[in-house]
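Going by the order they are written in, the chains are A, B, C, D and E; count residues from 1 in each one.
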Amino acid sequence: MSELMQFLLSGATVGAVYALVALGFTIIYNASDVVNFAQGEFVMLGGMTTVFAHAAGLPLPLAALVAVVATSALGVALNKLAIEPARGAPVVSLIIITIGASIFIRGAAQLVFDKQIHRFPAFTGDDPLHILGATILPQSLWVIGGALVVFVALWLFFTRTLTGRAVLATSNNRLAAQLVGINTNWVMTLSFALSAGIGALAGVLVTPITMTSYDVGIALALKGFAAAMLGGMGNPKGALVGGILLGLLESLTAGYLSSTYKDAAAFIVILGVLFFMPQGLFGRKSTDRV
Amino acid sequence: DIKIGATVSATGPASFLGDPEAKTLEMLVEELNAAGGINGEKVELVLYDDGGDPNKARTFATRLVEDDEVVAIIGGSTTGTTMSIISVAEDAEVPFISLAGAVEIIEPVKPFTFKTPHTDRMACEKIFEDMQKRGFTKVGMISGTDGFGASMQAQCKSVVGNYGIEIVADETYDPKDADMTAQLTNIKGADGIQAVLNPGFGQGPSIVTRNYKQLAIDLPLYQSHGVASDGFIELAGADAAEGVRLPGTALLIADILPEDDAQKPVVTAYKAAFEAKTGTPVGTFGGYAHDAFLILKDAITRAGSAEPAAIRDAIEATSGLVGTTGVYTMSPENHLGLDLSAFRMLEIKGGKWTIVE
Amino acid sequence: MLTVEGLRSRYGRIEVLHGIDLHVDSGEIVTVVGANGAGKTTLLRCLSGVQPVSGGSITFRGEVLTPVPAYKRLRRGLAQSPEGRQIFTNLTVEENLRLGAFLFSDDRVDRDMEDAFQMFPILKEKRNLAAGGLSGGQQQMLAMARALMGRPSCLLLDEPSMGLAPIIVQQIFDVVKGLKALNVTVLLVEQNAFGALKIADRGYVMETGHITMEGTAAELIADPRIREAYLGI
Amino acid sequence: MSLLEIQGLGITFGGLRAVHDVSFKVKPGEIVSVIGPNGAGKTTLFNMISGVYQPGAGKVVLSGEDVTAMSPHLLARRGMSRTFQNLQIFQGMTVLENAVSGYHLQERGPILADLLGLPSSRRRARAAEEGARALLARVGLDRAAEREAANLSYGALKRLEIARALALQPKVLLLDEPAAGCNAVETEEIDHLIAEVAASGVAILLVEHDMKMVMRISNHIVVLDHGEKIAEGDPATVSRDPAVIAAYLGTEAEHAHG
Amino acid sequence: MKLTPKTATLLVLAALIALTPLFFPSGYYYRVGALIFVNGLSVLGIVILTGYAGQVSLGHAGFAGIGAYACALAPVHLGLHPALAIVLGAVISAIMAWLVGRPILRLKGYYLGVASLGFGILVSMVLSNERWLTKGPDGIEVPDLGLRDLLKDMGLKLANGEFWYFFSGICLLIGAWLVLNLYNSPTGRALRALHGSEIAARTVGVDVAKLKLQAFVISAVYASVAGSLLALMNKFVTPDVAGFMHSIEMVTMAVLGGAGSVLGAIFGAGILTLLPQVLTVFAEYEQLMLGAVMMLVMIFMRDGLLPSVLRKIRGRGE
């Protein structure tokens, strides 16, 4: 029993990490249909900037704020310098741009920062909390809470605000969006700022658990991508559920079957789900008619 | 000028290895040239970053021998990159000193291939020796699935029987995993388990150590030489790392080595220089590059020539050369030249490395 | 109100508008007729700013529009119901309409929406369904309604009757005529040239990127060339 | 004997009865038009007949064979072909290539032959191309053959779709608003084309809102409203039917005759 | 004879392969050339799958892994000649592609991407974790192809690098010839049609499911053969060959060069293979430059390098 509980807590922790990354994908995807493969780098920047700002003497909360703001600014710059000039390019080209950006950011990070592994102290100490015979670190609660908060915020944004609707409209039909007076460039800028900010926030939250270094981005982006697809790309609910589910799958497989093939099990489940639900769990079906 | 080539994994998944190696080589060449070079000739280092990709490593090795026409190659941070360089060096008859762990690199012996790190089998032996001394007979393993962890896991399993020890739990994790409590919960629950060994490098072992503490597992934890660096204590936290043992080199304990230890001056000098130059703590891996360069320098000096064949012969004749990793004595049958004594069993106490016994 | 002088536009290296001159006065309904590929759609796209202009000028209420980006033109009062409907297929009918009023956040939005629903009751029935599921004609109605939600002072309509049932076509033309009373100016591109000319004040004929004829609607309907080439009478 | 037989076809979308119990028959050489208000279910009916949607009820019988819910490519092999209300052209191909693609069933061969570029493969391709050029000329697009299809104007694309559908040399041709976006004169050209095709023995099922065209060329008209068949008969009967006038034609009814 | 685009492409390619060695200062260039050709070969598969049929795969390295490990394992365990091992690898890849493709090709866009990614990761996991067979993440040795010795016996003496340069060059030419044949053939046209509109393709009689599967299988064979060649050339292979990064690299090469055109994709393979070699002069700035080049190319040449360049040239000609 306590074993199962431990697996669940472990899965929830890891799942929340994936969910945070997956949530970061949603906004840019919703605005442009582009899966931003540099999303993992935003997470890395959040962690690394906090580490270095903290080391430079800033108190942790301030360092974290600096990291989120700086990363958002970088997101905006990415949009202005690389995505906007390529307007009208096919989606694959935009994806290659984001891959290029991720390589670029990683290359810059190893110069600006270093290639060491870093972490900073957990926000509220390292004394594990005990739940039904299992333990969880307080920082995990921060991560899980962070994922929930971001989810709720995004969900409200997309369903309750006109701006959120404008984001969806932009990806659905850019031309029409302009015709109804939406500044699509601004929507893109906003999306990149928000996505990058969420990514950085994820980095800040998870670093005390997972540690960080200049190259943690790829692996995170990959898992986050898988989680987002499992849940249905573009839907915050999908990102949250997909992330947590992926984390649970991994830890339960590691616990009960084989730790070696836990990633395999996760992907097999994803394949299975997509077989029956080709749009993921909560993905919206395209409603275009012929 | 004497052209020496190097290809290391300064970026990519193995940059923990390659980055300090690259920095060490650059630093040493600078130092050497400032001191007048070898036999009056300056040394030029041609350094490539293969990013941990064996295919790239082979291309760079080809480039080094065919295009840059170097007299020797240092590198191959990982076993994978090393293995793909070997045939290039052997075909071109250029001496090659690898910085990777696996035994296969030098077993069977190939004429031009050498290596500086201990083999992972030696690390296993050192650890099991210590476990045997403490009377453990049932232990668990949790290994990274990267080349380092997987290779050491396999080596350990092949020698563990010699020590009357049984592996009662065998778990793995992906090097990028964020949490290993699931695996550790299983290990914790294994029957009669007395100690746990964690082969791996990167952040994985730090996370394992922290999760170990979180789960309040009350058994001795052994790490591998893969994390032998002050950075590990910092990442895992002194609290969680308390009592962790691992086989390390003299480098880590430069300041507490007895004055009469032959390695003391070598490791102290390297540690001071490296930390001053890079601002990051020394680790075992930079030491491997240091020793490779040392062996090469020594060989060229003794050979009095920078011909690849002459250098090869001189490397094979290395004897009693004191490096950071240990004291090297090579022979036609032994292209590593280290023995178990090079490893020292270390334990973390109060956030510091101490020597066991 | 709207003046176009020497307007040129190209797709890549191929120019499809070779200097268009036309004007629409305030409160007027002006129609442009022409064969497939004449460049009517391109002209409207230039006016709404989604198509780059390579020469000439567009002046709207005394302001040169050329440098104004597309999304700002609705703020100036210029709305378009584009060719191919261009609705937001993934959003609901209501969301489509609300986005049509993206610039406004007052109570009038709800009233305008009720008006739209009154005009096209079917849209009210489907208000919470994804617009992509609508039938072709329903989508066309939505496109029209959405353009009206932007409270235009000048409305650009690209084949608004396409795919509509005859009874609705009649209604659309009535609506357009009714806009006149609200002092909304309309530039109407129609293949149903007869229907369009009947409600229009003036008309232009466009052939392969040139304006080849212009006149009052009555003149054009009476012109035998037009009758033969476009009205099929 | 009828070539295409629709028997009690129906489908619902989340509670909405988009089409309900619709039956009729089309004979070779006959032009049957389906008319009705927007949203009556005409396109949905087409989608069911052509295998794009799975009907919830009823049967589609083609040349005596039950082809209900059969995949479109199998229907194509049995001689059914269609155009789309919402254009479905092959982006990224030239106009000619779009038309040639219509010959797929005739020109296809073993993939290995195509990979190896065997003469047989080239022969097939050449034959299809010749046919396609002739068809493009028939719809007046021969001068645009080498242009990127995506760059054509709306009306031109409608005609390209007709050409592509004809390329299949169908026994049954479904046309969904072929004259949309064409002016009166252009519509008449399409009229002639359709009549010509029908005269060659093809059964044609037509959806169109241009009443002049419908009344001119239809042999038989089926009227749908809210998914159900509300009237049926020859043009003259249907256009005088008060229910049809109320639901659909409005005052246009006079024009159709005038 | 009229110079069709197909023969022109093949001639350009053949001339490049035959003539550039005249300018090679050292054997290293043969190695780089051979790498470009092998990468080009694997990217040709992507041309069919992505460029023609518009289906995304983020897991094609999995097939390269199968091809590579077939050459490492079959000669040792089955006593197969390495040349036959290439064939065996291709057959296994084809079968795997057929099995995997049937369920996943129903998916679209990113969903297909993630499903294929899953397949690639499964392959690379098996290669890393089944040590008893594959020797694990540190890699395994691959026997010599033996063809060079055969040529030597026939009196044609080539250095190892030279041999692989010409051998992979010829393989690339054959591969390119096949893909070019396909382009304007009925099947090629049907593939491009389903890219344009799947529903319309079906109504003109294209068996979309079957055709996608065929494209998937063919592209898998390309990746597999390229993987085999790479392994045989390096005489050593690690599970990295099947890794996610390698899959991404393939797609990037294709898109960067111009996925819809054979020469473009090969061009892309060339650029992405050469870049790391050229960028070594930037030492620590290498990654930075690589990323920047990728972004710049896609921003200013959105359809890929070669198509954009050609359009520029043609534009000036007019």
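What we mean here is this: a contact is a pair of C-beta atoms (placed from the backbone, for glycine too) under 8 Å apart; a residue touches a chain by one contact, two chains touch by 3 or more.
Here the structure is a predicted model, which is why all the values come from computation and not from measurement.
Separation of subunit D from subunit E in touch steps, taking the shortest path, is 1. If you compare A-D with A-C, the chain pair joined by more contacting C-beta pairs is A-C.
Separation between the centroids of subunit A and subunit B, computed from CA atoms only, is 35 Å.
Centre-to-centre separation between subunit C and subunit D, using Cα means, comes to 28 Å. Subunit C and subunit E have centres, each the mean of its CA atoms, that are 49 Å apart. Looking at subunit B, residues 11, 145 sit in touch with two or more other chains.
The residues of subunit D that reach two or more other chains are 43, 52, 84-86, 88, listed in rising order. Touching of two or more other chains is recorded for residues 129, 199, 286-287 of subunit E. Annotation, chain-chain contacts: A-B, A-C, A-D, A-E, B-E, C-D, D-E (touch as defined at the top). Against subunit B, in their complex, subunit E makes its touches with residues 25-29, 31-32, 35, 128-129, 131, 136-139, 141, 160-161, 230, 234-238, 240-241, 276-277, 280, 283, 286-287.
Against subunit A, in their complex, subunit D makes its touches with residues 43, 47, 52, 84-86, 88.
Residue ranges on subunit A touching subunit C, taken from their complex, read 162, 165-166, 168-169, 172-173, 175-184, 284, 286-289.
Within the complex, the subunit C residues that touch subunit D are 11, 33, 35-38, 41, 83-84, 122, 133-138, 140-141, 159, 162-170, 191-194, 228-233. Here subunit E touches subunit A in the complex through residues 50, 56, 103-104, 106-108, 110-111, 113-115, 117-119, 121-122, 125, 129, 199, 244-245, 248, 251-252, 255-256, 259, 284-295, 298-299, 302-304, going by the rule given at the top.
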